[in-house]
């Protein structure tokens, strides 16, 4: 069974451009080791190889394109993500919405290259649809709660439990993460109770005054 | 006056995923130093910080998004590009086509952040339009010649000279590069003769058996 | 149970711009009436209201946008489609690929406005994913066969039967159409045998010398 | 010299779905005839042929795609727009943003098909860039004023006069329209005074209680 995960999405926040991004990734690695939990960093796209080659904890890409390697300026292939040393990628997101056909294609490429795919979704129906594409994870995040102060686990617990139920009915091997507004150990504990295998969060860590203490608190629930 | 440039776009070629990308960037740096020319590397997006922090020669991003730093998954801001250590970015390309409004926005952000912008275009009209947006460079590349064996400087020299003339009529500070099919020193010499300040190329270097000797030959024309 | 359908997608073919489009829609109506079958016309976007108000047979839109009515230049809302007199819409297509989130949103808007939604897909996994979004129809079309001379029912019958099986396992109310290369009554008969409730076709009718005789032949299989 | 124009963009407003759209187009025709002015209707995409074949006043499309006629589901070619009976098209818009390369391509197709192209822009630089593509009109509209109560002619008159100056410096044959917040004859008079050849407006007419009286007032300034 998959060990529960805390996935930290650095997004395009100004707070983690340049050296600060590597610093946050090191904090994720350190607290993961200290607490014996799996904390995944998703640094900014341009920092991916640098971060992946500087820490041992898992690093995922924030995005990927549905193309083969070749003459394609500005595109990020799954092969390039793997070559950079990352072990997974987010696929689709309310802030990085992808074509249905491209999500299917990227998930397949991840399977072929042996890297983890985590499709982010916005409601129960899209979570079930995503599960049909066979990713490793589906991360459900109601867009109206993303970046806010109220955790999805309090504001809309049924979206999590129903997404878990719907996803598992399609494919038991797909695990569900939940996100949007996740801030502390109570939110993580509740997510696990609702059937999620972990959480996906961003601002709660990235914009925290002391990310280490937030990460330590989050990890304490696993 | 701007020193002539050789810009090497690594694109998403499988040949330069992972360590090989850094290897090619080192070759660009080495031959640039050896020949006293300015050879710019545009590594794959995920390798940008790693490459920029490993070499001293200029490194540009292959692409950028028209957004401010913030909660935007998978986006690459100009600030992140600068934070990664790059000193410029390609903007728009036949393989990475951008909205008119976004090109204008990205060029403005580059100006504000003090990094070089190079808008790639596909014909004379779009080159002049791009010049009106005030970038540092416009790189004109007829899409049907990209990745091929015939240089734009032989196949369609007028597109280069007319683009130079049109661009300079709009804004004398904007310099023109040319690309598509550029392979050797004769192509570079001809580009300069037609009024370009350098060349943008990809497969001719990336897929070469011996990129160093190709780069050395290209540089010999400057 | 839904009556079998023949859906004719006019695409953006030059043959059916202007009056010729209305002419083809009238042919669909006429042969539908003559044969007692349901032949749906999907005229070019700009002809939708004109066609829908000129014939009594069902007319669907080729596309729709995932937006509410409002200040959105160039967008086509589900409300506008209904207002034009159409009774359904294609959603997504290999030639008009949509975001996962937008497909879900458009299907929901169709349900609310009481018009038929038909999500076009490119393989078995995307067909099952589409079914999870609750449309009326999923139309599976392998992109490599679209516009060609070999029907999907001969070239890849399993994609049809497996899509039917997968779709029905998710939601028995969703019906499957099949398309790509469909040309004659044998193709239609085979589609029905494989579990489809009809066919989606374009060039086979639009580019035919005598569309009426092709339509008559197709209808003879239902 | 081009006669001054009032261009009414129906957008995707719910108020003009179905019959109401044709009703508004008839009002535009009627007041144009009554006042001897040229009032152009841009109905919703799906209503284009119906409206163009019901009135004699000019009708433009709200949008167009940069593709040739052919197997392209959901696309609107310039040929289809012309076939529908429209005599022009908007190209690009803050609400329908297009790729630089596609704007150039659509403008060229309009020139070839003999229909009017009007590229909508958001600031002075993009207006000049658009002029370089050789359209018939450039319509400058600061996005923050679109749909609001303050006319661009009061809020930012310099954007209009500077756009006129910049556009004319590139190509004297290109005329400038202005839009965003235009509501009455004073706004139109001011636009003409600033060098514009007319106005582009939407909500001021579409959402008016009595569009005829608004149109009559607007026309009185020409």
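We just call them A, B, C and D in the order they show up, numbering each chain from 1.
Rule of thumb we're sticking to: a residue touches a chain if its C-beta (ideal position, glycine included) is under 8 Å from a C-beta of that chain, and two chains touch if they have at least 3 such contacts.
Just so it is clear, the model here is predicted, and its values are computed rather than measured.
J.: Kindly list the shared contact partners of subunit B and subunit D, in label order.
T.: Chains that touch both subunit B and subunit D, as defined above, do not exist here.
J.: Work out the mean Cα position per chain and let me know which chain is farthest from subunit D.
T.: A
J.: How many angstrom lie between the centres of subunit B and subunit C, each centre taken as the mean Cα position?
T.: 44
J.: Cα centroid separation between subunit A and subunit B, in whole Å?
T.: Centre-to-centre distance between subunit A and subunit B: 33 Å.
J.: Multi-chain contacts in subunit C: which residues touch at least two other chains?
T.: Residue numbers touching two or more other chains: 94.
J.: Hey, how would you classify the chain contact layout here, line, ring, star, complete or other?
T.: Here the contact pattern is a ring, one closed loop where every chain has two partners.
J.: Judged by the touch rule stated earlier, which pairs of chains are there in contact?
T.: So, checking each combination of chains, I get A-B, A-C, B-D, C-D as the touching pairs.
J.: Which bits of subunit A are touching subunit B when the two form their complex?
T.: 9, 11-14, 17-19, 21, 44-50, 53, 61-63, 65, 67-77, 79-86, 90, 93-96, 120, 146-147, 202-203
J.: Name, in rising order, each residue of subunit D that touches subunit B in their complex.
T.: Going by the criterion above, the answer is residues 92, 94, 97-104, 121-123, 125-126, 128-134, 166, 170.
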